[in-house]
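By letter and in written order, the chains are A, B, C and D; residue numbering begins at 1 in each of them.
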């Protein structure tokens, strides 16, 4: 499945892993301000914030997995299978198709606060992009440097949750994931104390024992707890290099190695790519499963007043630097 | 602390993480065949297998953390604090100082089988390298493409264990770590089955749930279980690029992000470097905490009949490739 | 807190633990058919099913913790602190005070099916019994030999859940507890298989390892999982003695020993009593923390056509049988 | 398998569970001072401390599972399958057969201190009691009110460990079990603190969450941790009734309900009996799987200067007290 995370040093960073058993052919995609978003039910957005992110581009439409806009707002969609539920059209709502949700928000909102206003009248509808690309069951994290929230469209309607962790994975619904974090409140980056019995000579035989009980598997709930722990306790310098490096270490804690998540038929879910976007500088960093080097695309090196998508195919294959 | 691992595809790979709160100034160091190893109690070895690995070089002596030789044998020393116990000299033994152990074995042995013979008469003695560099408390993994073993010098004497996992971390002693693996035998990369009760409608709500129970913290025992699970279930192509990539994913599962292992005084243990050596081709790959790109040094590009150490300082700082 | 459970052999058994740091002075209380229940807002029930259970009797009103009626229906209230939410009166509903809920259902319903009908129009209201006995925050399990359900009155209204496990503890809400059971689906009473790696010689070094991962603490979520596992896998003869014995073993698995749940001020939560009622025969069995012997009260030995409560104070203190 | 425990209030209590899938026909057995113990290789002990405990009596010899003597010393043997190793005779040692070990120690020693002296020259030998009763693979706990130790006869010889917990189960060897306790040092009977992140609003949603991570399964290592936690944190009055009651709550935490430990062929390991002996007063208390009432035998009600075994068959079947 996937994990999204945020991280703030001097700048604000937003990114995610995309975990799956195959790739649609994803590209780092910049949508400039005058690219016209033709929405299915709510007209065309001809002018909007520029944005950069990872997308599968179909019929010249950027199907973003995650993106950030030039105002510093980020948004990512993650699998939410079995819980996501989209609705039919309603006349008094903004009828946004699931695949239009990221452009709809990032095109218009400069902050989570502004997104909250738009979300009040949104109706996520069950219009698929095409017959070949049916509805993806997703939920979303929207974040800026000040706050984050999670949006879920479920049977009972739209749910909007504050997301104080700035992390999102998949099932179960976000409020239950947050609740389960209570079970781990005792975990710590510091050495454990002996609370078992002061009459027993217990001791820490290794560094790192303060977080014993942290789950290490790849299920969505375990990845949520692990990413939350690493992110909330992360320490780094605030330079661009140090911040980006630390961000990839955070998501590295939920990396899915090939072989550890067998989905049958000889297929394995792996972390296809990991991304990290500096939302202040518009630089999108990524690694792929088979390329540990961080590659980057800078939104501001393109003409953001243009009306055409700018697309960069991913660099795959290890870029090994020979030192001799 | 640290984690060592092995991995075999077409070639055999051997590497480790080095986890600590500071670095001594490590360098990729090649010892050619005619560099004279002046041992403290057992004379000088003037001719030996060439080797490559990570070392802190002091007084022109390569204090290897881990290395592999040109015959395909690898060896790494890992912290074993509180359990390692070195002895005084014994007349009928090979009195090898702890810091000489890696050159002693890799200089002479082409295989684990040959190492076993040497180990029969070894006595690891408590001679420190210098006043500034006191004895490190270590145990070792020695591996070739066919087998691996673990060597521990403890109170009771030298212990040699078969190491069927090809993984080593730190405390407790290796046999106890192996024993604890039994507690995880039910874990699987495949989706879990319902064995709880056939009368309850339990289901897998996420991929990856078959390994629920795998520990995710940074203690040595938990890293051992996690690295063992990832390594034993790893799947990859057998090309050099795919093998090396997979190896770094294996050790990525036990990466120590800054902030998650607080050792007091505002210091944090992190994964200072991660290495992977193709023992067949003599290429040593590494990443550092702040440089995700894989860097490599090829032993065979140097004159291996020389008598001088060849040293490559590590490349630190993210080497980010700008795509636009 | 508390744990309720059901068990079916030839007869159907319903019971619970009551865990707390002090007792109100509980009594096994039989309410005969003609005892008039004076409800606060919905009149007086003058004729009803007889019932037996544990109650604190205040002002001659049986405040039942749990009870079963002569028709074979059982019902228990368990703490649900922070989630229970009772409402104001509504004109088109049955306005039942929280403390009247058990008599309201058990007085009129012969089965869970019949209870479902009554629950459709119920409104659990926030009228306290008295100033000294404020509202208890509870949720309920209602069960007969065919099925069980859980009732929760929360912020959003009344929630009714099928309860296929026949177990209830406390927080979080029941549907989340049931969901968490999925995380344990791999646990088994049988010896574990090696799914970790067929290349490692892992083995079961002890009996009982198939359920490694079952939580052993006293939190409500852990008690739910443990009681569910023991109940769903229970095996016993179907005689009265064997069935009752097994029932006390099931709830024994979630017994709270004094000292293990420190609630501050030198107070400890313990299992004050454990009950088991044969719903077919109307026999109520119980043990107390300091009396391991099972004591019983038979409803049918009383005149069930009477109009007065019949009360049996609990027998405390170990009843040790000296064999010599 | 089994669990042994000790508990001290005003008096000192020693007992155990015996977990198995069938019973040999155990009896509470008193051996008076002049019963002659005919040892196989070390003569006859004609005068010794009187003792009481659970035994299978074969050929008039009490094969004790556990016992305490009139001096206040207790000793129990517990399964240690795969690790126990008995030796051949040695001329300069006390050659004690495995089945003679409890009488040998309890017959002569008034304290653990005295037992240590005898253990210095003991050799546990591989003489079976008879063809029908082959060697049981056991290890032992010996305890008085001041201290406890564990004795293991393994491949390398006799191992004697201080046992500061006063608890013993089965595999792995005791020192490894003690070591594993370090992994649980953070567990507490008190409510957990938030050490995960002071930026997250985590809270305890239930009592008892301080011990989250305590294992709840029936494997020997998990029972050791659980019994240790309950015993070390136990709180009770110091009267006989309160002490005995608390002791049965301690061992109740490792009770094996029928169905939870499937040993194949439709058989289940259960807690056949649980015992608790007041070592100061010589009163032996027990419960059986199907009799929750505590039954007792008082050693001092027999003629302890006699030379014949006194045997009390166990009372099976629930002794239910009808209150009406």
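Here is the rule we use: a residue touches a chain if its C-beta (ideal position, glycine included) is under 8 Å from a C-beta of that chain, and two chains touch if they have at least 3 such contacts.
By chain, with names taken from UniProt: A, B, C, D = choloylglycine hydrolase.
As the structure is a prediction and not an experimental result, all values here were calculated from the model.
Visitor: Give the chains in contact with both chain A and chain D, ordered by label.
Guide: Both-contact set = B, C.
Visitor: Quick one: point me to the chain whose Cα centre is farthest from that of chain C.
Guide: Of all chains, B has its centre farthest from that of chain C.
Visitor: How many angstrom between the C-alpha centroids of chain D and chain B?
Guide: The mean C-alpha positions of chain B and chain D differ by 43 Å.
Visitor: Would you kindly tell me how far, in whole Å, the mean C-alpha position of chain D lies from that of chain C?
Guide: The separation of the two C-alpha centroids amounts to 34 Å.
Visitor: Using the touch definition from the top, which residues of chain A touch two or more other chains?
Guide: Residue numbers touching two or more other chains: 172, 179, 183, 187-188, 190, 205, 209-210, 212-213, 219, 221, 229, 233.
Visitor: Over in the complex, which chain D residues touch chain B? Could you list them?
Guide: Its residues touching chain B are 172, 176, 179-180, 183, 219, 221.
Visitor: Enumerate the contact residues on chain D facing chain A in the complex.
Guide: Going through chain D, the ones touching chain A are 164-165, 179, 181-188, 190, 192-197, 199-205, 209-210, 212-213, 228-229, 232-233.
Visitor: Touching residues of chain C toward chain D in the complex: what are they?
Guide: So the residues of chain C touching chain D come out as 1, 28, 82, 170-172, 187-191, 205-223, 225-226, 229-230, 233-236, 241-242, 244-246, 248-250, 252-253, 255-264, 268-269, 285, 287, 289-298, 301-302, 312, 315, 317-324.
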